[in-house]
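Note that the chains are named A, B and C in the order they appear, and that numbering of residues resets to 1 at the start of each chain.
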Amino acid sequence: MRATQLSTGDHGNTFALVFNTGDEVIEQLTRWCQNQGVTAARLTGVGGFSDATVAWFDCDAREFIEIPVTEQVELLALNGDVAELDGNPAIHIHVVLGTRHGDARGGHLIAGRVRPTLELIVDEVPAHLRKRHDPESGLALIALA
Amino acid sequence: MRATQLSTGDHGNTFALVFNTGDEVIEQLTRWCQNQGVTAARLTGVGGFSDATVAWFDCDAREFIEIPVTEQVELLALNGDVAELDGNPAIHIHVVLGTRHGDARGGHLIAGRVRPTLELIVDEVPAHLRKRHDPESGLALIALA
Amino acid sequence: MRATQLSTGDHGNTFALVFNTGDEVIEQLTRWCQNQGVTAARLTGVGGFSDATVAWFDCDAREFIEIPVTEQVELLALNGDVAELDGNPAIHIHVVLGTRHGDARGGHLIAGRVRPTLELIVDEVPAHLRKRHDPESGLALIALA
């Protein structure tokens, strides 16, 4: 993965991250955010995965149901954010994936292995986005002051 | 729903709106835009719905065909805008939803009940986006000067 | 198609492009980028198509498999970018489409004929995004310096 800064702003910087074949997105993005000190950002991207694991959150059972995607897919949409949870960057990404037959699948991204590329845009936001454990859902959710 | 201003800009402000379980998006967002005086903005978001109603616009019949989504879904992508129609904010949102089996569905958002959360970003745009009734399609469409 | 400039920035301009029924997106957007001198930008949009051709890239065979979409669909999500390839704007768009039954389909956009409208936002980025032929994948990919 290579990163470049697209702009420097009063309201936060914008970066383009270009991933290579074989890169796992969540792992590499988390490490990059830690190294770069990014704790509040918006994420968008397009590209492709050789395989991925997405999830659907069962609100009643308060647990993620994992859905393996064991085929090469186009990454049709990637939306998410970075917030701070207990001092560390917490990454939250939802994806829509396209199969060779043009069917769309998707969910909360657990892991995605890039093939052949992924172009991810990271827009830092100036206000601090902090996550807090929400006892009702069992999730860490963004808690506005 | 709680809102916070992420940035103040010459080119318009950016807000984060965090919805709670049970909130209906279109209703609450419309009221917030009215109170805030927001009449031109771009919308993006991720989250989840306990249930929703989406629609497909039948161009030949000039009417929306409603599609009820009667199961809890991940909100995989939300894209849309706010424009002005007859002096009021007109909200236009398209969504992609993910089921517990990882299938993606979606359409024009008629109503969506949040569960467990929805993080919506509102980017005001400086130019006025005005909608006008388009007799050919029967829709109110953005009309650039 | 009509275009209007939404903002002028140190970090690049933002434009709204509103397409009409019958417009083909890739062709008109390419021409507009050429005329406007736009060679690095991010693309987002919502709208609808009377019909479209999407594709899935077969990484092993290094070729796009085309998937015709021969029905009117909602354009649920459009994400992509403009980069420079051999001195010309290269447009890369992924779409998610919604059918009358609420099923989502999608892929790499080869061609899409607008009906009834398409609202496309073009955010210029200040850093130069250059594509280079990648011998491994057989694709032109963004190559960061």
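FYI, a contact is a pair of C-beta atoms (placed from the backbone, for glycine too) under 8 Å apart; a residue touches a chain by one contact, two chains touch by 3 or more.
Keep in mind it's a predicted model, so treat the numbers as computed, not measured.
Asks: Taking all residue numbers used at the chain B/chain C interface, answer same if over half belong to both copies and different if under half do.
Replies: different
Asks: Rotation angle, chain A onto chain B: superpose the C-alpha atoms of these two copies and give the value as a multiple of 5 degrees.
Replies: So the angle, rounded to a multiple of 5, is 120 degrees.
Asks: Calculate how many whole Å lie between the centre of chain B and the centre of chain C, each centre taken as the average of the chain's C-alpha atoms.
Replies: Each chain's C-alpha centroid was found; their separation is 22 Å.
Asks: Can you tell me which residues of chain C touch two or more of the remaining chains?
Replies: In chain C, residues 44, 77, 96, 103-104 touch at least two other chains, as defined above.
Asks: For chain A, which residues are in contact with chain B within the complex?
Replies: Residues 11-12, 42, 44, 54, 56-59, 65, 67, 69, 77, 79-81, 92-96, 103-108, 125-127, 129, 134, 136-137, 139, 141-145 of chain A touch chain B in their complex.
Asks: Residues of chain B touching chain A in their complex?
Replies: Its residues touching chain A are 2-7, 9, 14, 16, 18, 21, 44-46, 48, 50, 72-78, 96, 98-104, 115-117, 119, 121.
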